[in-house]
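Two complexes follow with chain A in common, the first pairing it with chain B and the second with chain C.
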Partner chain A sequence: MISSRWTPYLFLAPALAGLLVFKLVPIAVAVGGSLTGMSLMGDLRFAGLENFEYLFTDPEFWSSLKITLLFNLIINPLQLAVAFALALLVFQPMPGLWFFRTLLVLPMAVSTGISAVLFGLFLDGNLGPLNGFLEWIGIGAQPFHRSQEQALATLIGIATWKGAGYWMLFLLAGLYSIPASVHEAARIDGASAWQRFRYVTLPMMRKPMAFVLVADTAINFLFFAPVYILTSGGPSGATSVLMFQAYRAAFTFSDIGRSLAISTILLAILVVIVVLEFRLLRAPEEERS
Partner chain B sequence: MHIGRRQFMAGLAGTAFIGSLGRLNAQSVSLSVPWMGWPEEQVRPLMAAFENESGVAIAEERLPIVELFKTLEVRLQARNETPDVYLVDGPLTASYAARGHLLDLGELMAGERDRFVPTTLVQGTYNDTLYAMPLGTSSQLLFYNKKLFAEAGLPEPSADPAARMTWEDLVPLARDLTRPDSSQFGFAFENINPYQLLAVPQSWGAEVIGPDGLTAAGYVDGEAMVEAMSWYQALFQTHKVGPVGTFQTGVTQEMFGSGKLAMMVGGTWNLVGLNKFQDLDFGVAPHPYFAKGKPVTPTGSWHVGINPRTAHMDEATAFVKWLSTRDAMDLWFELRQYPPALKQIWEERADTTFVDPAWAIVRHELAETATPRPATPGYREYEEFLRTAMQDIQTGADVRDTLARAAQNIDREMRKYR
Partner chain C sequence: MTASPHALMLRYGLLSVLAFIVVCPLAWLALASLRPQAEIFQPISEFGWNTFIPSVLTLDNYRTLWEGDFPLAVKNSTIVALTTVVFGVTVNALAGFAFAAFDFRGKNLLFLLVIASFMMPFEAIVLPLYVMIRAFGWTNSYQALIVPEIANGMVIFLFRQFFASIPRDFYEAARVDGASWLYIFVRIAAPLSWPTVATSSLMLFLAQWDSFFWPIVAASAPDYAVIQVAIARNINFEQNDWGGLFASTNLAILLGTIPFLLMQRFYVRSLISSGIK
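Take a look at the complex of A and B:
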């Protein structure tokens, strides 16, 4: 008979095996691969830190890193704020609520690739209906993803359109989990609507918000498809995020070592930022413990 | 019903026999062949003709140009048996051959070389070895919409290469033909690929790559290149005669075909491709050039190569050999009208197809002005960065900065070939 000491591990084994095969091994392969180089004829050789050294002396890498950080600095708080605002909006009981909720989560049903193509048509400088509308109301046509100044903002807009409804669902569930009695007690104590939001809702939403922020950051650091489909990293590198650089290195220039080095750096940055985010959103009572 | 042992065994044997027939059927060879995303009616008939003759199935995949290069890159770098046969853009021969992705065709094509127009063999050759069989060559013409010229009361451009229009003359003409109120543009290049656009700086007098074929700094961002590409940018940003952000061949063809674009520099494939626009009446003229420079026209085309690791070597070589026959090449010409690679097709059609003034221009260009793309094993990297730079320049990016950045990126990627 198997000793009871091992029983929990046995039950965990399938999940641990999945974690190993689908997460830890690929990470190890990526980190290992970042230390290799490939000859023209496909022979692999150990290159040490050569790929990293080369990246650190390459202005293209630094510019791409800057863009990735800027993109995330804007998009993550923005998506959290928009998702939270939407959640508060559809949390209030009102007639036809189901309709608005459906409308907000609808972009989830459109694949990222399709939505990028649709926005490409929608925002097109010559054929796009949005520019027709902007001209009609007197603002004038905008270049959107075709301009160095507006491209990153356009991608942030598209990603937020697609993502906000999804993240809203988690925050809405969080809002429902706040006991009505707490709000009631605050009301009896004479707290105004703003005070109830500031001192009851917000602190009790810390956990769902932390989850959304961390999960959203992880996804946005790997933001890729709209860049590939709409801008190819341009104009003039304005949307050349690190994920796109990693893709291009691997699949256009067959430089797997460089690609994996970029992925490894991306992973390291992501770990640091996620740890920081967790700390930032930790409830005060957890900090004391 | 009672089944005895004998009946059972007979049944088993019968099932096994039928099963083996099924396997035999499944063993009939199908070649994996990545191809350009041309319309199906320009691809399938060629494949079907070989299938009928050989019994070998061709599973062609029609991919848009950029996807084709990426797909090939991923599959070839996996270094396994697929694809079997693939389409090779002429200047990429060196890149694939240097990395062991192309079978030496020397033996297969021995004794056949004299049948080809010599220049077409050059781009399929690397280190004096033929690696890719030319399917044709290419040339570019100025297509113009006769109706739009008549409406604007403008004289049509001359079809005589000796009276070739200059870019300086084209700009005011394009301006007169641009009607912003009806979204009509005066002029555009068919796409933003270096294949087509390098003729602009080359006509200006620019050297577009260093003499070693591996240096971009000082060439891609050289003074002549910056000046020529500033002229290109002005077409879109200052004169506003071209549709900004239109990068794809299909869209430009659609605009020209539907009368929204008065002039277009495009390939000979448009001679058949534009037939689908029934209301379109177009003429052709020679490719323009800069008055201070010399006439330069793009050339070079698609070749066919064999993956040396193919599991179906006999069928793959048979397919390429068949593609080099007179009948296959004639059918291919019929389908897409690339200037032929075989001398025989030129001769046979001399009194029919090639009496058309468009082909008189093409013959002149191929003999006098055709300038192939740079010969470098790093052409893939060179083209990718230059294409992005040309997009950015068209949409208004600073020309000098954009080219400097492209040169720096190209040089970085070229290091593996040095």
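Take a look at the complex of A and C:
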């Protein structure tokens, strides 16, 4: 038998090897690249923290950071709440449930880029059926992603349309892993439906919720394709998230160092936020560790 | 839950409204894919039944797809996605189990690296990744599409969350009986994790089904075109083939939903076997 001391490392080895080669080494290279710049002759040179210094004195960076944080402050709690509500709605058995579940998860098979193209047409000012409908009922056509006021909200709506059903599945799996006997016991003790939800379901959903919140946060901080396809960061910078700035630095201005510096900042922000999210959803008994 | 008739009606009502909102854009897409090219778009001034219901139904858009290289793209995506699922679930479940069941040196640091592995913008790592794949001689191959996607930090994290919800005593008891850790994983822990296996399979499948950027970079040869690459071909600088775009997108959605339909029953099964605490 294998000695217990080495067992965890053997279990980890295949996955960690894959992550190391295909994720962590490229990440290290990218972070290293954020410390480089181009000389006037076009050669790669070591630039130290220059890229970061430029960014920190650039008002466009700060406004982009603000938009990124605002976007995430709204979208992550929103998606978690909607996904949880959906999971509760499709949890208890009832006739035809599979049909509703299937309809709700359909958008997850739409790739992010295609969802942007689809909504670009669906919300179009001249040809989009939604604006046709809004005109018809008398509300009048809306500009959606083409106006400064509605652009960010439109992107949040599209992302939630695609994401809610997907995250619902993870929470649904969590609901199923709560033993029925726990609910039974609470009911016998006279707990109301709300009390059972608040004191039985919610605490036992900590781990699935932590997963959804952390994974969703990572995905939404890196949200990019719809910004590129629908708004190009506009109008007037209203949707210019950091991912878009990173893209523009690399592909419009050919400033790879600056682009990688923005990506590195995104990674750093994400690690900090995710550690905070873990603390937020930690069970009381785990608080010592 | 003792469902009163009112509560049940409310549930049906809410679900119908939500499902309608979700399905509306997709239904419009599906119906538009059945229209002749000329009448795909209706000006909003003419809003009415015609906005949704085609006056002429035609399968022309699908026929064109069938005769083109779309079937090859479906085949490629299926091969890539299923292979990733099989290896990915195994490898990531083992790692998730290790993080949940053991205490070992460097555990917190390794876990942080696992989490950080999915927090870097892909655009930032695509260049070093491509250089590596080329050095391996993998460009334009299935390996290039599959191997980098097998180890997945998010899936490790998902399994870790599940295995950590099983009390340690449960594993320790089997240890006392002389079972090896591999035996405990294969015969005790893994069978309990069916719902997690189902959801993580779906995650890995959809990640491949939806992927576009990496396939374009690593395997641009027509022989290895995956489904999203085939879809994107309908949009180009010369002329947009909306009929082809709608029909191929619609097929990608319907085919991509099949794994979900297959795994639905695992949710039920876990309910029946809820004797484990």
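The criterion applied here is as follows: the second predicted complex is superposed on the first by the 269 of 289 C-alpha atoms of A that agree within 3 Å, B and C clash if a C-alpha of one lies under 4 Å from a C-alpha of the other, contacts with A are read in each partner's own complex, and residues count from 1 in each chain.
Criterion: a residue touches a chain if its C-beta (ideal position, glycine included) is under 8 Å from a C-beta of that chain, and two chains touch if they have at least 3 such contacts.
Predicted model only: the values in this text are computed from it and were never measured.
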Just to be sure I read the superposition right, which of the two partners does A:P203 touch: chain B = first, chain C = second, or both, or neither? neither
Considering only the touch criterion stated at the top, classify A:S147 as touching first (chain B), second (chain C), both, or neither. first
Please indicate which partner A:N126 is in contact with in the superposed arrangement: first for chain B, second for chain C, both, or neither. both
Could you tell me if A:S232 is touching chain B, chain C, both of them or neither one (first, second, both, neither)? first
If we overlay the two complexes on their shared chain A, which of chain B and chain C does A:P77 touch? Say first, second, both or neither. neither
Winner on chain A touched-residue count between chain B and chain C: chain C
With both complexes superposed on chain A, which partner does A:G48 reach: first (chain B), second (chain C), both or neither? neither
Chain A contact set shared between chain B and chain C covers 125-126
In the complex, chain B residues that touch chain A: 69-70, 73-74, 77, 79, 98-100, 183, 243-246, 380-381, 384, 388, 391-392, 395-398, 401-402, 405, 408-409, 412-413, 416-417
The residues of chain A that touch chain B in their complex are 40-42, 58-60, 124-126, 143, 146-148, 232-237, 248, 251-255
Per the touch rule above, chain C residues touching chain A in the complex are 1, 3, 8, 11-12, 14-16, 18-19, 21-23, 25-26, 28-29, 41-48, 51-52, 91-92, 94-95, 97-99, 101-102, 104, 107, 110, 112-126, 128-129, 132, 147-148, 150-151, 153-154, 156-158, 161-162, 164-165, 180-182, 185, 195-196, 198-199, 202, 206, 209-212, 228, 231-232, 235, 245, 249, 252-257, 260-261, 264, 267, 270-271, 274-277
If you look only at chain A, which of its residues touch chain C in the complex? 1-2, 4-5, 7-9, 11-12, 14-19, 21-27, 29-30, 86, 89-90, 92, 94, 98, 100-114, 117-119, 121-122, 125-129, 131-133, 135-136, 141, 161, 164-166, 169-170, 172-173, 176-177, 179-181, 193, 207-208, 210-211, 214-215, 218, 221-222, 224, 243, 246-247, 250, 259-260, 263-264, 266-267, 270-271, 274
